[in-house]
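My questions all concern the structure below.
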Amino acid sequence: MTYAPPLDSMRPDPELEAVLPVLAAVRERAPLVHCLTATVSMSLVADGLLAAGARPMMTETVQEAPVVTAVADALSINLGTLSTDAMDGIPATVEVAARDGRPWVLDPTAIGIAPVRTPLARRLVEQRPTVVRGNASEILALAGTGTGGRGADSTATSRDAAEAAAQLASRTGGAVAVSGAVDLVLDGSRRTEIARGHALLARVTGTGCLLGALTAACTAAWEDPFEAARAATTWLDLAGERAAARAPGPGSFRMHMLDALDEVGR
Amino acid sequence: MTYAPPLDSMRPDPELEAVLPVLAAVRERAPLVHCLTATVSMSLVADGLLAAGARPMMTETVQEAPVVTAVADALSINLGTLSTDAMDGIPATVEVAARDGRPWVLDPTAIGIAPVRTPLARRLVEQRPTVVRGNASEILALAGTGTGGRGADSTATSRDAAEAAAQLASRTGGAVAVSGAVDLVLDGSRRTEIARGHALLARVTGTGCLLGALTAACTAAWEDPFEAARAATTWLDLAGERAAARAPGPGSFRMHMLDALDEVGR
Amino acid sequence: MTYAPPLDSMRPDPELEAVLPVLAAVRERAPLVHCLTATVSMSLVADGLLAAGARPMMTETVQEAPVVTAVADALSINLGTLSTDAMDGIPATVEVAARDGRPWVLDPTAIGIAPVRTPLARRLVEQRPTVVRGNASEILALAGTGTGGRGADSTATSRDAAEAAAQLASRTGGAVAVSGAVDLVLDGSRRTEIARGHALLARVTGTGCLLGALTAACTAAWEDPFEAARAATTWLDLAGERAAARAPGPGSFRMHMLDALDEVGR
């Protein structure tokens, strides 16, 4: 069974056109993305990567994760659960990826008042992640200029975090993506805003975690971190727009979003 | 996209009318609910809270959970997995919630023969949970008058557990909700039965865990524990009825139930 | 709501006919299946068992898993995450099941270069699992004649692993099922190939884990391990075929597959 294409897919979409080569590269390369991620969103992250044409791998113990990461094409680190296993496994795995020059993404989920993940996230920045991805409160807390949001929710807009994001980019030499109603992506010399997506993206658990992993998939298939981060953000935003047109509520939105990740730009 | 309202939504529903103010309060306040819950149902619990208008938070290590629970509006404790992290994190986090007078829900999933969670659940009762929620076998085992069910399934009806539930309520000073084909909600002075819902609710993993978390969301937005517990039970039952009318099987039922949590009573 | 039966369901399907008694036995007995499985696929495994008429149980700590497994009808061991809890819990739980003569399934997910799960899987073979289920790379690595795939993906076909599977079967005395585009099921004296299913099964996380758990459910309800393994493989393949006929993408495929597990052979 296939859907008829939505009417607006007949018109050219400049924001989609700009990122199409990255989407095609992910589908062509089918990168293996090693994810150490929040337990609650593991299933969405893995299914979202598969829908996008990438492949997930999720081992997180310190005994195995640093060994098996050697076969991955990119690494995605999300601090949303930070189990005891992940506390030990994350730093050791990042060290291998950084040493081997493998692209990796840091998603400092829910840092701020949390006493373990906040200093850990700041230490991981010193390992120079290819892309840092978070909401505005998380980016402010990571840069040391904010105290974080409430739980996984931001209490600031992406523009509020623009300066903090630029500081982070100057320290990592990579790109920083700030998610929100308007998304911001920047690196040391470029900056763009993406005003796409749909409010239902915030009513499904783990869409932010998925964006981090999808960003890692893009960095595995595309050299330029700024372009990879912009592509991943646009990809999920457009999938969200398509899903919202089909979904009467958040449960069906989640399903249609996964279908749409597979469709966008084909 | 929106559904046409089901025909029967044109008629008044007295059980829905009775709980509408609680549902409206949850949607208005959007409480942050800290959940330490079974791994298998984390995704359903989090998506269900978001669909209902609340917000989930799921940190469970002893290093972080007792700290971050300070920003939550309610706490939901479910013993369905009881990982090593949760064994340490749960008692420490409940202690903070109890000390701060924050509402919290105890869901003694699958107690009975399990040697760690059973005595832990009984100790947690001494911290006087705002609401205890479980199936009949779990409530009987918690009160010390039964040996539990098989796995997460009850081998008794809610009426079999009425006396045990009343004993628990007298010890906690709060409400007790017993789930089953007929649900029972009571506190020290009131008792009600709710004969709504649908058999498919038992064919999706984690609907009981979700009911515990939804109950916590209601206690965060509504002062009276009995009315909060009755509202949460009714809310999920009515969402189940709507979903069953749309779903040809358990997979689609799960999705429609999440959509319906967002719709009921709007 | 019910679907009209697909047109081809009007024609007899010999591969379905051959396994119908096993499906009916699972639905009749509703076995309780204790699963120690990859975190990412817990939800699909549990919902899939419920859709098939079985019941899941997922405790995995060494303190509780060996105790509660006594009430289970079968045990399913999947090494896909191998958390610290599972590292300790799995061998102790298998020991109880083996001692009590309870059927159990070993799914050596993603073994090969992983330094803990690979020797663990080989040790567990000595406990003589009723069925071993894996993809070709995993079966080759388990038999000691291959180095595994990349992550959870196979880099070989099921026919490549036929000899390794036969060796394993001669060591366990049970059945071995090798998943792939063509599935292979064998024991010491019988061998069959099943060329059913759909490519979308590989685009949803955890369908292999679900097959392991479904196989355990079949061994609980059906004495002959070879017939049980063949029935589980056929059951999931046919559910995949039905789902693919309804699903425009991998997100909706997952949902329809769960509905179809409930429908096949009724």
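Note that the chains take the letters A, B and C in the order they are written out, and that residue 1 is the start of every chain.
Going forward, a contact is a pair of C-beta atoms (placed from the backbone, for glycine too) under 8 Å apart; a residue touches a chain by one contact, two chains touch by 3 or more.
The structure displayed is predicted, hence computed values, not measured ones.
K.L.:
Would you mind reporting the rotation angle for the C-alpha fit of subunit A onto subunit B, rounded to the nearest 5 degrees?
P.N.:
In degrees, rounded to 5: 120.
K.L.:
Tell me whether subunit B and subunit C, two copies of the same sequence, contact each other through the same residue numbers or different ones, using over half shared as the line for same.
P.N.:
Different-residue interface.
K.L.:
Could you grab the centroid distance between subunit B and subunit C? Build each centroid from C-alpha atoms only and quote it in angstrom.
P.N.:
About 32 Å separates the centre of subunit B from that of subunit C.
K.L.:
If you look at subunit B, which of its residues touch at least two other chains?
P.N.:
39, 43, 83-84, 254-255
K.L.:
Which subunit C residues qualify as touching subunit A in the complex?
P.N.:
It is residues 38-41, 43-44, 80-84, 87, 110, 113-117, 150-153, 203-206, 245-252, 254-255 of subunit C that touch subunit A.
K.L.:
Would you pull the subunit B residues touching subunit A in the complex into a rising list?
P.N.:
Within the complex, subunit B touches subunit A at residues 1-3, 32, 34, 39, 42-43, 46-47, 50-51, 55-61, 63-64, 67-68, 70-72, 83-85, 254-263.
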